[in-house]
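Read through the structures below before going on.
Both complexes shown next keep chain A, but they swap its partner, so chain B is in the first and chain C is in the second.
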Partner chain A sequence: MIDHLSRRTLLKGTLATSAGGVVMNWGDLFHGPASVAAEASPTKKRCILLWMNGGASQFETLDLKPGARTGGTFRPISTNVAGAQICELMPKIAQQMDKLAVIRSMRTSEVDHPGGIYLMHTGYRPTANVRFPEFGAIIAKYNGREATDLPNFIKVFSQADAGAGFLGPKYQPFGIGPEGSLPPFSASSQSPEVESRRYQLRSFLEETYGKVHRAETSKMHREAYEASRRLQGVRKVFDIDTEWAKHSELYGDSVFGRRCLLARRLIEEGVSFVEVSQSSYDSHADNAVWHKALVPPMEHAWAGLLVDLHQRGMLDSTLVVWMGEIGRTPNINNRAGRDHYVRSWSTALAGGGIKGGQVYGESDATGVDVKDNPVTEGDFFATIYSALGIDPKKENFAGVRPIPLAPFGSKVVAELLGS
Partner chain B sequence: MPDFTPQNPKQVWQLPFQNRNEGAWPMAVAFLGSDRRIAAGDRDGRLLVWDLAEPGDAPSLEQQQKTPGAAPAPKQSLVGHTNGISRLATTPDGTILVSASFDRTIRMWDAAAAPSGSVDVIVDHELRDAIAKKSGKKTDDATPATKVESLTSTHTLEGHKDWIDSLSLSADGRCLLTGDQSSLVIAWDVAARKERSRWSGHPWNWVVATALTADGETAVISEYRYKRDDFDIPCPALKRFHVADGAEQLDLLKVQFPKLNPKENTYGSAQVWRKFVANGLVALDISPDGKLVAAGQGGETDTGHVHLLEMETGKLVRTISGHQYGATDVKFTADGKFVISAGRDTVIRICQVDDGKEVAQLGKPRGGQFKDWISAIALSPDQRTLAATDIGGWVHIWTFG
Partner chain C sequence: MTHRSDDRRLTRWPFAALVVLSFAQSAWAAPPLQDVIDNEVHAAWQREKITPSAPSSDAEFLRRVSLDIVGVIPNYDETVAFLADPSPDKRRQLIDRLLDDPRYAKHMAELWDVLLFTRNPPGSEADKREGLQNWLRQRFAENTPYDKLVRELLKAEGNSIEQGPPLYFVQYRQRPEDMTEAVTQTFLGVQLQCARCHNHPFEPWTQQDFYGMAAFLARLQIVSAGKAENQNKLMVAEKSTGDILFTGSVKDDKPGKKGDPVAPKFLIGDPLVEPPLPEGFKEVAKFEENKPPQPPVFSRKDQLAEWITRADNPYFARATANRLWAQFLGRGLAHPVDNLSDANKPSHPELLATLARELVEHQFDLKWFIRELCNSQTYQLSSAGPESDPLPRWFQQARVRPLSAEELIDSWQVATGFESSLKPDAKKKDGRFSPIDGGYMIRFFGQPNTGTGDFQGGLHEHLFLSNGPVSQLIVSSPGSLFDSILKSTAPWNERLERLFVSLLSRAPTDEERQKFSEFFSADEKMNPDRLRDAIWALMTCSEFRFNH
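Right after this comes the complex of A and B.
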């Protein structure tokens, strides 16, 4: 195997660190692009993450406790799945329940925001020694397209910053602002003629330089530059104004609705992972009021997205993940708020690879603890990777250390998986 | 109209109104005809009535807090609401209590009606816990419960499709105004129990507070909605309306900010009004002479002040009071000389209208952010007694003069 290692491959076996140093990524020497392509599932499912930043309350969304001490102000409503009820703030999602697998038994290990955001984007707790990649980067690596004008991993207003971690710059996310617009630096400030001349000169210099200096970082820089040039040709995908008039009712007239429509357009164009975030769920004060403000536009957009994907025949190949970094406490504090809670909370999956119309796991009568079928962060991500046709035990390497996609010991929740 | 005298305030009663359910604290309070009859409602939909003895016969506050049976027990339970009670009001003759609820209904109660039965209520969980802790036993939440008369409402007004957050009754008792979280406002004819008019605000907004002039002909409406995202913040509204037809007469917020665009929902546009509105002008009242409107800055905010605005022009007269973490309720006294405001700082403040000077403070800031705030206040018809609910589960009664 070593015989086949070229100088280029050897150079590729290095990882740039945030401090500018370089550590050897020996493991990746045996897992180059060719083998990655072979490992990628032929189904190439895509994924949209709907991220509830700050941690939406399970008591005010998917796991109501009517009549319980901890139940709060909202009432449950029936859904289109017999016996399954959710919050009255979510009437549109209630009618899409047959597409959802709600998990009411999440038990995770990071109770605060930075750690929780990291955990629920990577599957791993933050450590000093390893920079774990976000699952968007992993999906970009295994289910992304090699030759594409659009990035494989796009975030619309995301708070997560783990990025591609040890997978390297190739899988780094492309970030878009809260209004769904491309960042200012993505367009050239020069006229097309000037830009073209600059590009020719730049290419000449790069080529000349590249013949002598074959460093991986230079290659990555060239690739990033080329990617940003290719992006110029598909900028229209990000302009949703023309389509918005037709879809504003379906997604709801909100900024989050616009973000969700953009996510659908990007997925339709072949992007393998899009994260769409809604802010402000950290309701330590006025929890009920905040959720009454936040949830209706969110659930409208979420339901609209599911309907749109379904109508376009894309839902079976697109996994839609709904979650935040934490749940919220059963107790209501004397600021009328609910605090952070990870002992028992809820998430939801829909679409590609998921068997909809079910509630998995159960919290106890007051929502204080998981009653049955606890799902850890590892189990959750193992299930997501499986649904997307990616083996969660697949290993990548941080230096010489093999790291499975989902943490060791994680279990795929088979009951959640379907067609 | 009797004068209000803010001198020598003294707390005489502290009635427990506690609930085991999380967040189900009392949110509304009203006097029923006299200074000795009080109604309070909680976020669970419980609505209780107390008859109080002469203030001179009240045990010490410590006794009321710590001795079983020392604090007066409720006399009646008004049964019917199925979700939180947001506001209460009483007709001037004290015979009809009106309640607004998150169950989307308004109910009217005849305070003198014969009871329909009896129910057990428990309101003193804190005391039960303290006794249990002392004895090392488990809290007894069953016995002895207080058996009280139950009363059903005489009328239910339906028309709202969302939580009713606000309710106002004109001083002549003829017009009732209610507003809900779909931005719908309904004016009701109290005697006929029928709608007079209805109108809606911005579809994203909630009607968080209403106020009526004494004759019920003019209304001021405060619209607000908590943000839908950091970059999706609906523009609030503070407007004066002609009640008979719902015609808008004056945009008081636009008077403060002429360039305000109500359709803008960006983060940047919110910076225009945020300092004035804070997290919603959640408390409103109109002065008895109809010349001033008081608007209290609510939600959890740095310091919630009360703006005094001219009804006719919308011009800001002055900003008074100041409740750390936000105001929750505001009332003009019947003589129009004082504004009484309550807030999350666990304090009730009495300020002079003429110069804004604070002349009295009821209660003390209990310190820190994590304390129980005052949720609502009411003044007795004779202006000599004030009632306040707090989210720790108490109804406080003060006397003046």
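Right after this comes the complex of A and C.
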């Protein structure tokens, strides 16, 4: 009989793939929990994604062009980092600038929403034959805790739908609604008495079956059942009402603020990745009006989150990513809107693994092109993975095709890393 | 019940060494292929010093082979009858019966439908596929030789609704590169996708090979043939001119670079010899809608369909034999099943060669092949045993695979008697997964579904099982499992047997009898809530969730 260890080695030797197929398989399924845990960094950083759905304008947030014909209506303000200025709509973030690394030289390759949302969640462009996983699933896989009562990949009001892709159901996101509602079937539909009777009976069946049937599939099935039960015990973490009164000032009284507080609570409970999303930045008309309405509550919550994480000593171990799927055009169109633009735009990183208080890269005087240090989507994700202690060159398999976490040829932006 | 002793065999694997002897002395008058299978697999055990598990019990075999051939567990009566049947070749008879059952064609069609289209086809035109599904079902019902089936699919004649086959290409929306990747992987077990963007890193395939194959499909056009039942009828037309352009390696790609035309060339072999176009030939500017498209002067697509399915194509028969083997034995001899490259050596090379040769000699007769597989002693081993790999590499223990979404709903319906409570047209009205929403079934159980053993635990599946609509299947109508047990005045033992045989296709063990008697006897009368609990537990436990 092949023992456990040599079977793994054997599988690695034969391409380390499970079944391939036109239907995609489950990544390196046989690199079971044990080996993944051993490969993961001992620090196990976590990540919060603040997602600006529709694509926030760099000109009205992090990369102002005062005086240029492309500049728009808002003025720049100083921040707590000498020489770094951002939009006047963001006074609270301006006071947290020492924690931020702003990237003003994003150059990405999908200019429309579905493609952009896919790209900026997976690092890859959509293709017909490979289902790439979102980076939340990757972080759940490499930095997630094995024995946990909460799922490792949680999304609040997310518009992305790539999910776990070829990494398989174990890393599927747990999706929370815009107002904090849990996904379908999360709430127990049985009285505690019935639930406990069923649990006893089912556990008995699993145990007797497991005694003679040793295939690990039934073990996985059993463990997932246990996890679904444990979730019932920790559901109160999703109910932020009790804590909200204390924090509404810090986060600002907005739904996005509430979502950010929920993210902090989940991270505090050990969840490895939480996405919170705000819509709707797709300002093809009245760009300034939309940003004036959307940015202040968003930046209030963002700043509040950074302060809260910092005060709790969690910021060093929590990476906070701020981005949308695209940037917006330098030109203001005849409806006072800005359209989609990916040749030059901005994102920001803060916290775990990131050297704050800096602006990386630069766009030219009108924001039409990147002036220096362009950062592609691949570079961006390679940097995120590195900051989290995950090797971006690590490979998973879709069928027989090895897929590195960040696309082949991506560069880690070392200047962004630190602390 | 007479089969109690039978189930005790489940726990007998430590004595499996004896089986090796009995294999050698087997006096079965068996057709050659199934003997070849057992001999080759046995030889590998000896070489690898592996002890196989015991032969499966009748109950274990019945459930497994029913799920594998007709996609659903046996019902109570079928199970009782099979277990009580004293005839020595009842397993062989069962296999024959199942292969003749109309549910065989339905099951095969559903497997191939997912294989050809995945759960999320690249083009939304293929979201509804009734025409193609009917076509597949009919082909499997008639036991159309597999090479003929593939040829018809790839020639794509007719339209996507009345005939079906065109839908396969339609899903790729005139992207010959995507079609090429899919066709070579699915039917030849050759994975060219790396060579699409750069020469393959560890296989002989170059980008020229990839585009040489894509050239066969570069002239295809999707043409509308009107509407039927609110769906577009689509046809695959082919032009007589036009080439695929190859721009070189993606990393050297520059915007505006046009690329050079690549001539069609079979993957291993010669360039296609094409007759010259007649003098003064004028290409169709645009195919007319609602009319059978004018055929090309010379069809590259048909040439590809013929070449792929030729008996002497070194990949086709091997890929087919390997895929069918994996469907029933869990993992391919070369695994993953759709990768027959040199870097992915088969575990039993001689056996794979024989299977492929025999498949050609039997004109790609699928039922014959499946019959040989299922009658082998290898297939009929027990899944009880010490091996933790659900797909043991040496086939020393039966594989364990999850039920597909379709198998799961059908088996639940049979087990609970939901099916018999349905009005005849209810399924058509309420959808394939009635009474459960099909979207949920696909979302929670639809993947993985490669027809093999891939499985991962998932939290969502259990939230659904515990809190979702599964309990709607536990109906109380007359004749249902719930009703017959609740109303029964038979002794506990008999009622428990009914419960276990209906759900798990086996009698309860002594331990289970005791546990369940205690569970029910907590109340004086049979408590309907507790009966529901018990049915639910048996519907959702691992023993039900997997084919083992």
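Just so it is clear, the second predicted complex is superposed on the first by the 362 of 419 C-alpha atoms of A that agree within 3 Å, B and C clash if a C-alpha of one lies under 4 Å from a C-alpha of the other, contacts with A are read in each partner's own complex, and residues count from 1 in each chain.
Just so we're on the same page, a residue touches a chain if its C-beta (ideal position, glycine included) is under 8 Å from a C-beta of that chain, and two chains touch if they have at least 3 such contacts.
None of these values were measured; they are calculated from a predicted model.
Undergrad: After the superposition on A, what does A:Y209 contact: first (chain B), second (chain C), both or neither?
TA: In the superposition, A:Y209 contacts chain C only.
Undergrad: Figure out whether A:Q95 sits in contact with chain B (first) or chain C (second), or with both, or with neither.
TA: neither
Undergrad: Once the shared chain is lined up, is A:V289 touching chain B (first), chain C (second), both, or neither of them?
TA: After superposition on chain A, A:V289 lies in contact with chain B alone.
Undergrad: Check the residue A:A224 against both partner chains and state whether it touches chain B (first), chain C (second), both, or neither.
TA: second
Undergrad: Thinking of the overlay built on chain A, is A:S280 touched by chain B (first), by chain C (second), by both, or by neither?
TA: After superposition on chain A, A:S280 lies in contact with chain B alone.
Undergrad: Check whether A:A128 is in contact with chain B, with chain C, with both or with neither, and answer first, second, both or neither.
TA: Touch partner of A:A128: chain C, not chain B.
Undergrad: Look at A:R75 in the shared chain and tell me whether it touches chain B only, chain C only, both, or neither; answer first, second, both or neither.
TA: first
Undergrad: Is chain A touched at more residues by chain B or by chain C?
TA: C
Undergrad: So in the superposed three-chain picture, is A:N373 touching just chain B, just chain C, both, or none of them (first/second/both/neither)?
TA: A:N373 contacts neither chain B nor chain C.
Undergrad: Return first, second, both or neither, reflecting whether A:S248 touches chain B, chain C, both chains, or no partner chain.
TA: Touch status of A:S248: no partner.
Undergrad: Return the residues of chain A at which the contacts from chain B and from chain C coincide.
TA: none
Undergrad: What does chain A use to touch chain B in their complex?
TA: Going by the criterion above, the answer is residues 69-73, 75, 157, 178-179, 254-256, 278-280, 285-290, 292-294, 297, 330-336.
Undergrad: Can you tell me which positions in chain B touch chain A when the two form their complex?
TA: 20-23, 43, 83-84, 102, 163, 181, 225-232, 265, 299-300, 344, 369-373, 391-392
Undergrad: Tell me, which parts of chain A touch chain C in their complex?
TA: That would be residues 1-2, 4, 7, 10, 14-15, 17-26, 29, 128-129, 151, 168-170, 172, 174, 183-190, 194-195, 197-198, 201-202, 204-206, 208-210, 212-218, 220-225, 227-229, 231, 399-401, 409 of chain A.
Undergrad: What residues of chain C sit close enough to touch chain A in their complex?
TA: It comes out as residues 10-11, 13, 48, 50-51, 114-116, 118-119, 122, 172, 175, 178, 181-182, 185-186, 191, 193-194, 251, 326, 331-332, 335-339, 341, 343-345, 383-390, 393, 396, 400-402, 440, 447-450, 452-468, 509, 511-512, 515-516, 519, 529-530, 533-534, 536-538, 540-543, 545-546, 548.
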